[in-house]
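Let me give you the structure first, and then I'll get to my questions.
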Amino acid sequence: MTWLSTGETAAPGDLVALASTKTNYFIFRLEEGGKFETHRGIIRHDDLIGTKWGSEVVSHKGSSFYMLQPGIYEILSNTKRNTQIMYPKDIGFILMKMNIAPGTTIIEAGTGSGGLTQILALMVGKEGHVYSYERREEMTNLARKNVQKLGLQDQVTFYNRSIEDGFEQKNVDAVFLDLPNPYDYVQQVRDALIPGGQFGSLLPTTNQIVKLLLEMRRMDFEFVDVVELMLRFYQAEAEKFRPVDRMVAHTGYLVFGRPILRAVCEEEQP
Amino acid sequence: MTWLSTGETAAPGDLVALASTKTNYFIFRLEEGGKFETHRGIIRHDDLIGTKWGSEVVSHKGSSFYMLQPGIYEILSNTKRNTQIMYPKDIGFILMKMNIAPGTTIIEAGTGSGGLTQILALMVGKEGHVYSYERREEMTNLARKNVQKLGLQDQVTFYNRSIEDGFEQKNVDAVFLDLPNPYDYVQQVRDALIPGGQFGSLLPTTNQIVKLLLEMRRMDFEFVDVVELMLRFYQAEAEKFRPVDRMVAHTGYLVFGRPILRAVCEEEQP
Amino acid sequence: MTWLSTGETAAPGDLVALASTKTNYFIFRLEEGGKFETHRGIIRHDDLIGTKWGSEVVSHKGSSFYMLQPGIYEILSNTKRNTQIMYPKDIGFILMKMNIAPGTTIIEAGTGSGGLTQILALMVGKEGHVYSYERREEMTNLARKNVQKLGLQDQVTFYNRSIEDGFEQKNVDAVFLDLPNPYDYVQQVRDALIPGGQFGSLLPTTNQIVKLLLEMRRMDFEFVDVVELMLRFYQAEAEKFRPVDRMVAHTGYLVFGRPILRAVCEEEQP
Amino acid sequence: MTWLSTGETAAPGDLVALASTKTNYFIFRLEEGGKFETHRGIIRHDDLIGTKWGSEVVSHKGSSFYMLQPGIYEILSNTKRNTQIMYPKDIGFILMKMNIAPGTTIIEAGTGSGGLTQILALMVGKEGHVYSYERREEMTNLARKNVQKLGLQDQVTFYNRSIEDGFEQKNVDAVFLDLPNPYDYVQQVRDALIPGGQFGSLLPTTNQIVKLLLEMRRMDFEFVDVVELMLRFYQAEAEKFRPVDRMVAHTGYLVFGRPILRAVCEEEQP
């Protein structure tokens, strides 16, 4: 059971996003005999099965919906969460900077609601793997459910424990820490990462960044970059093209670096 | 011959990034007996083979380099180009918004130097495919070389022709136009895209955006979004943490939309 | 009756800002026997008279306020308005770019609620003057009241009429148009401005900018600049220093230019 | 001898900006018999005297210039400097936030090249005053010359000494510190400011901000705001309206606050 249908029409088992407005989605899997119910009316799954993707469909109350294949954006905005999850703008940049692609092995901690976990699992594909650590059991359970909903459970191993004693993996390609105190685990990151591998973290305050930079320097990380991404939406109106009035001003600063192995100067050797 | 080595040490055939500074990379494949030569000295491939990734290595002139596995970022900054290529910040967001992942089929036009082509080919993996259209033969040739260098040629089909008469594919998941006049090809996009599929484009001027929005509205695209991403780098110094002095102010506006099939109202039927 | 008191303590006739929180101000003039009343309690003016500026004062219900001399920021956020008024970030930049200072003569249209009018009147001082045009009578009346409240009425002449037939002034130093269609009045601006003088406008959409740029070019304006200012607030917490979560993404694009007199080439002369 | 001429034509003693391009200005005062010489040719002052402002004038070599009255923008970009001077975007906002207007008394330290000093002197007018402190004698001399060139010397008193022992003024309306270590002088600021008055500072790093915020809290400053302003220039072309490619990413963070006098609770009194 994969994410995207490959047919032109929706089939039983397909993941469907029913959009009532541009930003309001309902995401579920089609089942024969199933029913989709909201206060805006009922739509029978059997009426969707065999319908072309992208079609406007109408509930028994006359409300109009579009039947779409859910993309990453819709998945993220629909993820059940107990915690703030990461924004697509930041995740997209992390993929580029940390080289997350089919075949990549990556550790993440903490799992949280599994927003990032889903995207990582999708991107590393069957040849790659995600190892996801989290201390709070209820979070791991929620994340596991979110990942299963997308049929990506084979790409992820969840660990329900602290990372203080280190990770169980060695030589992974990448480690991402989404924790308030990543500076306390830089040694553990170094032990799990392949030398020259990709380390990343997202932090909201400059104070945290300063602490992390100090630890990364102490532990021989190079190629250190700190960035922030600002995303501005525009009114999609041809006659009144302009930015929208308000925007998210800050999600976090992204920090990246790679542990290196320094050459030992000969004269320093005994 | 894949992108990333899976071993802890470099082996013949591995793609290597030798970094002399944080932003200066030399990317090549290791061959037994090979030689890497710059004005900063010579390094024999045989001295790199068997060396741990992330190691500092020293040329015969005493210059220091780090041997890294090249990530997407380094690949992009090292892509041979005759044209401006897209920025990682924009590509990362496109992946998220257009749902580019293992298994996706996507058309892009024009190919240009193949910067975006490489990343798309990497991301869609073996189950997906990239169809890349370009009128200028020398650009197609350059892009093909860039894709081959990464061992991703099986994921891409290049077409060396105009798109005025349409694309050869039907029902692809996504179409991306990196052309100055995408508004002239919206019908062709609609014909190639699966209904509800993902259309995207990158344009530098507001005048182009306005024209494209008009065409997209006329051709029944919905879920239209226009955004811009601003990327700001920070000085990675713990004691003087601050943004760097200058930044890229503009690469382009990103436009996204999905062609939909409107319900036909019963009273409108004959 | 001027804006700022010159004494260390508040005196009758002084303009006072009573702040209950960082962004909630009550602005009024002190009168002997006067009373300030809110749902948070009553404060007698006589208790404020003779009190040092910057003092915390407490209402009869125990609510705490700070008694401050109102600055431009507080004045603007407290201006009675029927329309959107300009933001301090934009006004500050306009002052710099258009050279608004003591002695400047400036025309503005339309007056609106008089937010900009107040600041211009303050800045040009007694040696300068503001000529403010507005078609809607109720707006002129509101703006006049706002200006009088600050004791700046001698610096402003209000005109309650359309600018289609031009302005009554010649050779003013600057003209600012805060109208949706400034491109319809560029000839009128040219007629009123001293050659080489400063023209400015604020417009929300790119479509308006494009129209205005065309007119300015046609009418021999040079030194044309278009800018936008993004203002980001930070959490003022030493231990958690970071941008606030949300911000204003757009107020408008600012356009500036100066009408010039081209040299007549000798061969073109009869 | 004031800044701006009041006539339509240039007269002896007027300050003139000869612009060869949009960003290249020569600023000088007209004198009978004077000569303006560059590698682009000579223009005699006598040919400018009596010429209308905004006119295109041509050197003996055929190079074209526009004769303008210099605005604040041109003055700042033309200020002789040994140090980085503040940007108009930041100065404009400081005026708004700190209520700098005709009649304001303000202390600034350090003077530097006098870029900010000039604008403050201009804005406070004859009823206000600027007290400008600087340790380095050569900077004070340079700033004094810059201020004199604009005829604003009566509005400024320069002090050539450290501010460690405090300022000579009491009850000024505003204090602005343009120093790397403002956090060392918060007591001195408090002693010189009228209670409730305006304090401001510009600092490039977050580390400095954090230190300053701690001191301001310790010394009972309220209404504390930290902001940054990003200024983006657009290509002023109607057919290709878009942001320019690159921009200044950071000049500094602006910090503002007002010292207050807390109410003494009755039960705390003896």
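Per-chain numbering from 1; labels A, B, C and D assigned in written order.
Methods note: a residue touches a chain if its C-beta (ideal position, glycine included) is under 8 Å from a C-beta of that chain, and two chains touch if they have at least 3 such contacts.
Predicted model, so just to flag it, every value in this text is computed and none were measured.
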Same-residue or different-residue interface between subunit C and subunit D, half as cut-off: same
Centre-to-centre distance between subunit D and subunit B (centres being mean Cα positions), rounded to whole Å: 45
Distance from the mean Cα position of subunit D to that of subunit C, given in whole angstrom: 20
Averaged-CA centre spacing for the pair subunit D and subunit A, given as whole angstrom: 47
Per-residue overlap in subunit A, given as positions that touch at least 2 other chains: 206-207, 210, 232-233, 239, 241
Chain contact topology (line, ring, star, complete or other): complete
Of subunit D, residues touching subunit B in the complex: 204-207, 232-233, 239-250
Subunit B partner contacts - residues on subunit C that touch it in the complex: 206-207, 210
Residues on subunit B engaged by subunit A in the complex (per definition of touch): 2-4, 8, 19, 22, 52-58, 64, 66-69, 71-73, 76, 88-89, 91-99, 101-104, 119, 122-123, 125-126, 171, 173, 194-198, 206, 209-211, 213-214, 217, 222-239, 241, 253, 255, 258-263
